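There are structures below to look over.
Look for chain A in each of the two complexes below; its partner is chain B in the first and chain C in the second.
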Partner chain A sequence: MKDLVHIYELEKLLQDSCNDAVRQAKAQGQYAIGSVCAMIPEPLLNLDNCFSVRLRAPRTGSMEMGTYYMTSIMCECARALLERAIEGGYGYLDCIIAPDACAQMNRCVENIDKLGLIDKENFFVTYSDVPMKSDETALRHYVRQMRQYVLEPLNRNLGVDVSDEALRRAVEKQNQVNRLVMEIGEYRKEANPRITGYEFAVLCLSTFVCPKEYILPILEETLDELKRREPDKKNPCRARVVMVGSEIDDPDLIRLTEEAGALVAADCYCLGSFPERLEIQLADGEDVLTGICRHYMEKGQCPRFMNTEKIRERHEYVDALAREFHADGIIYQQIKFCDYWGYERAYAGEVMREQYGYPVLSVDRPYVAGGSGQLRTRVQAFVESIEIKKLNRKDK
Partner chain B sequence: MKYFGGCDAGSTYTKCVILDETGKIAAQVTGKSRINPVLSARAALDEAVAQVPDLESAEELAYLVGTGYGRNKVPFADENISEISCHAMGVHVTNPQVRAIIDIGGQDVKGIAVDTDGTVRDFAMNDKCAAGTGRFFETMANAFEMSLPEFSRLSLKAKNVIPITAQCTVFAESEVISLVGEGKPMEEIAAGIEMSVAKRCFVMAKKAGAVDSVALTGGCAKNEGLKDAIEKVLKIRVIELGTDPQLMGALGAAEYARQKGMNG
Partner chain C sequence: MGKSMGSEPLGKLYGGKKAKKRREWRGLRDTWYDYVHWLGIWGTLIAFMLHPSNLKAFFRYRWMVHYLAVPDFFDRHTEGMRGTQLRVARVALELVVRDMCKSMAIMFRADPELGNDKKLNEKLVVFDENMMSQIMNGFPNLKWVCVEVPSVYTCAMMAQDGVLYYLDKAQEYGIPSDVCPMPAAELGVALEGDFPKIGKCAVQCNTTCDGSIMGNSVMASRMNLPTFQLAVPIRHGEESVQQYAAEEILNAIAFIEKQTGEAFDWNAFFETMKRFNKETEYLLEWYDISRTPYPQVTGNSLSLYRYAVYMAAGGRVKDFLTTDEKLTRLAMKGYEKKELMAKEVRHRAITWGVQSAYYTAFGIWLQNCWGIVPLVDMLTLCSTRMINTEDKDKAVYDLAYLYEKMIMRSRSNGGYEVGVADLWRFCESFHVDMVIMYAHMGCKSMSGYHGLFEEEARAHGIHLVWATHGLMDARGASRKDMRTEVNRYMRTVLREEPLDPSLEDFDDELAW
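Presenting the complex of A and B:
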């Protein structure tokens, strides 16, 4: 297929945390709000003259300095972010809004704060509690926390407008992005899709790392382009998979998977489209902040939710995605030493295999995995086993 | 008569098998891998082709499958298939009753559960470090100033086993040197090394679903001391394969080539 017009620009954007779009927004006087978790609702970080940036550490090499502060048995993502902060990679941030969701990421942010790695007079960090259960009590607590540790500090320290009107505007802006991402993602349902999983991952990830105003026209133009795009006659995909698991902030992992023969037809991982790019629907008569928090709590599929209903819901969710996107198998992946996904991967992998009957590949991986020959071998063997079994079924 | 090739470009050895239409092995080659997998594969292929009187060059093979870590670099290969699938198929061709395989290669260890049709049911890999791989044995044999077969034979003479506590290849080597320096019996240290690798195979055997027997493949499968240690640690039988276990990847690749070439 002919390259998408904007793909090179977006690949370049993902090469650095402080990318061209971020620099442009900063030059215009906007505030850069660093975020490390999907449980802090994105619209709250895109109010008024603020824009959110999910912290990433592209092109990570050694993590020695981060490991010194966090030990080698901590999540590599958290260590890589700290390493990047020590290298001075997040100097553009005006604050980091972190949740008490993952202890390892918290420790990373605490180190950034305590070591004074962002040398800016008014720089601040906040931590807030986010729900582990999905019910009305948890929701009330969530709303209070978001008001106390997100909205009030933004208003107090940066003078950000946190009114209901501003919240509604931020939700609408977010929804414009979300709707476009989802519409683009729909093309992955085609038997011979006109967009690869890698291209989609680049587009989707880009929406997390720059101002929404920057990415919106790119998404609109890409959607238009896709409407006319012809897929290659020979479908290169040998099997279709749903990619599930912990944060993927490097599309090269998706590229590796596809080069090994597995089209990533749907995604359900942190920094992917499901559920993070679902449209936020605010109920009439409900306070705006409560409505936003309700969306993130009810739609969230993070394994941090530990009530039985949510655990079951996650299996059903992946099953529904697999059906909708015609997947032959599921890949569960996690970054090494991720607490939540360590348990979830082991359990859900077994459930999806035994109870739902899907072929499942379950892997833990380093933070930087795009060039891993070992991972390529695993994915290729998984694809081959799916492929051969499909052929055998056909023969019978 | 058509011929079909399988070339396994491994990290330490490159293997090549040529099958005829009936599935009979017409040629087999095992050679030390060079730094460039293209050159290794080329050399192994040419040597194998030279063993088949009907063939003049590798281009005359009806179908060629590449496998192993350098599988993308096998010249003239019609396609590449992962070594996991190929080892399963290779063992299936040789011993169809086998359901669990431990493949101990030069740089990783794999546990493979095999279905009745020779396809992979499930697999697990340990590729995090060199401990428990062929590279580990090479380092230990070097420390003993012995060849691998000599090292293996030595371990079988031990009446007791001296446990090796270090898992890391580098630290295990210095532990072994210290033990030798302390005057501990060499055969007991060697048996300790075999035992430490056998224990690392335990997880792979469990993941491969091994119940009462397991087949070993890869170069390390020729290590009698290791086989002995695995039988003791896992308390299951190690199945003797009908063909050189180091050739299983190449044989499986050649069998896939035969199936595809005959059907295509």
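Presenting the complex of A and C:
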């Protein structure tokens, strides 16, 4: 297939946390809000003259300093972010709005905070308590926390408009992005898709790390382009998979998977499109902040949701995605040392295999995984096993 | 060899086998006291085993075999002790054993595979190991049980290889080896079907860590019981979370009421919490003594006993209050006689981080070998706030606060203020010059502060000595490895000589 017009530009953009789009917005006087977790609703970080940037550490090499401060048993993503902060890579941020969601990311942010790694005037960090269950009690708590640790500090420190009207505008802006991403993602359902999983991952990830105004026209043009795009005659992928698991902030992992023969037909991981790019629907008569929080709580599929209903829902959700996107198998991946996904990967792997009958590949991986030969071999073997199963089925 | 502390080279008692070469000689009076109590422990165990359900449990559950090491556990935890210190340790820990025996007897009586007492089983509410038991104080007709404590937690303390089999099973299932061994071992027990299948319903909670939460999800699927998950706020130091914490406590109470048909009895709750408050008052007295040059209730005698009071007994068991009174009398006597905790007290220390389950006697070694007296530990330094025993609304908030301050999570969750900054406040309050920093290899919460601990200890002029361990898995860092880290610091940084050179290097690899 011909390259998408904007793909090179977006790939370049993803090479740096403080990318051109961020610099451009900063030059226009906008505030850069650092985010580290999906539990802080994105529209709250894109109010008024703010734009959210999900912290990443592209082109990570050494993590020596991050490892000194947090030891080698900590999540590599958390260590890489700390390393990047020590290198001065986040000096452009005006604040970091972090939940105390997973202990490791919390420690990363606390280190950035306590070591004074961003010495910008008026820079601040907030930590909030976010729900671990999905019910009405948790929702009320969520709303209170978001008001106290997100909206009020933004208003107090940066003078951001946090009125209901501003919230509605932010939701609408977010929904424009979400709708476009989802519409683009629909093409992955085709038997011979006109967009690869890698290209989609680049597009989707870009929406988390650029101001929405910047990325919107790119998404619109890409969608338009896709309507006319012709796929290659022969589909190079031999199997279709759903990629599930912990944060993927490097599309090279998706590229590696597809090079090994498995098309990533659907994505259900942090910084992927499901569930984070689902349209936010606000119910009539409900307070707008409550509506936003409800969406993030009810749609969230993070394994830190611990109530039984939510645990079952996670498995049903992946099953539904696999059916909708005609997947042959599921890849559960986690960044090494992630406690949440360490357990969920093992448990969900068993459930999806035994109860739902999917072939499952379960892997842990380093933060920088794009060049991992070991991972490539695992995926290749998985693809072959799916092919053998298909052949066996045909024979029967 | 004699009645004075440090008169015998204790390292020479280790011969590289499971048991020591011989019992320690502590002088006639203390040896007699210790021996009589050692026999008493055997008596408790034999009485326990005489009950048919309990005896059957030895053949049904593989983890039961480790309880044969209970007498040895006492020897390890009284090593080198004399006088008041010996009596405090014996009195405190013996009650814990008796209480455990009672609790296990209830479980085995109800266990369908053992006693099969169906009526009793209907009255049991199974709590997660990390869940404090005080909610059950309002259900006097029900019984609180925790299947994970005897099968995993105390097992790992009795024998250093106590849970390795179950850890291996969890890893075979697919759990990574880098997670905390405690929830992993619990999961292993669940996967093997080695938990007693008892209870009317279960309550789990999100303490103590991310791994623990996730282990629970798989366990809940294996237990087949109606289960409530209590979400205790993580940022427990913040006023803003208290309302949610209280609402969740009420949700948990409502769940138990619904499942069991029992109503929460506020009078019973207030009565037991008065006892719990009294127990807290005694604890504060012991802390006061520990701030003087003559601390008396410290180390394991404090920590293991306090865990039982704080988490399990929770004010419901009258014997603990009686024992608190006895311990306080003993402590006052020792204080008045100016008894020391070691032959020579060179360093007053706090142990921070999560202590190793397979080497709970590490603190005693610190005393005997280097004269480092661990006054108090991180896990004991939880809430000492009194629970309101008159006003229901206030009591719920106090109870919620207590749950937020569960052992370990009160420091490992909640952020820098409670995990790091509080340490320096305690150092000042207890006049310590050294922190023994347990580096539990699976504990991400505390490891994330590694560099901050180093830098801030230097700034506060505190000696920070790391002791790396694997909590319940000694294969990555043995007891000897833990000692070596301290030995190196004491030799090379402080240039000190050990009080008992025989303890500097000895072989306990195969010991219980």
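Going forward, the second predicted complex is superposed on the first by the 396 of 396 C-alpha atoms of A that agree within 3 Å, B and C clash if a C-alpha of one lies under 4 Å from a C-alpha of the other, contacts with A are read in each partner's own complex, and residues count from 1 in each chain.
The working rule: contacts are C-beta pairs under 8 Å (C-beta built on N, C-alpha and C of every residue); 3 or more make two chains touch, one makes a residue touch a chain.
Just so it is clear, the structure is predicted and the values come from calculations on it, not from any experiment.
K.L.:
Who does A:Glu324 touch here: chain B (first), chain C (second), both, or neither?
P.N.:
A:Glu324 sits against neither chain B nor chain C.
K.L.:
Counting touched residues of chain A, say whether chain B or chain C comes out ahead.
P.N.:
C
K.L.:
Report for A:Glu11: first if it touches chain B alone, second if chain C alone, otherwise both or neither.
P.N.:
A:Glu11: touches no partner chain.
K.L.:
Classify the contacts of A:Thr377 with the two partner chains as first (chain B alone), second (chain C alone), both, or neither.
P.N.:
Touch status of A:Thr377: first partner only.
K.L.:
Just checking: does A:Ala103 make contact with chain B only, chain C only, both, or neither of them? Give me first, second, both or neither.
P.N.:
A:Ala103: touches chain C, not chain B.
K.L.:
Contact-wise, after the overlay, does A:Asn392 reach chain B, chain C, both or neither (first, second, both, neither)?
P.N.:
In the superposition, A:Asn392 touches chain B alone.
K.L.:
Take the contacts of chain A with chain B and those with chain C, and give the residues found in both.
P.N.:
Looking at chain A, the two contact sets are disjoint.
K.L.:
Which of the residues in chain A end up touching chain B in this complex?
P.N.:
373-374, 377-378, 380-381, 384-385, 388-389, 392
K.L.:
Hey, which residues of chain A end up touching chain C in the complex?
P.N.:
68-71, 73-75, 78, 100, 102-104, 106-108, 110-111, 113-115, 127-129, 131-133, 137-138, 140-141, 144-145, 148-149, 303-304, 306-308, 311, 336-337, 339-340, 342-347, 349-350, 362, 364
K.L.:
Using the touch definition up top, name the residues of chain B that touch chain A in the complex.
P.N.:
Touch list, chain B to chain A: 69, 81-85, 108, 117, 119-121, 123, 125, 127.
K.L.:
Could you please specify the touching residues of chain C with respect to chain A in the complex?
P.N.:
Residue list for chain C touching chain A: 173-176, 178-180, 187, 204, 206, 209-211, 213-218, 220-221, 227, 229, 231, 233-235, 238, 240-241, 243-244, 247-248, 251, 412-416, 439, 441-442, 444-445, 447-452.
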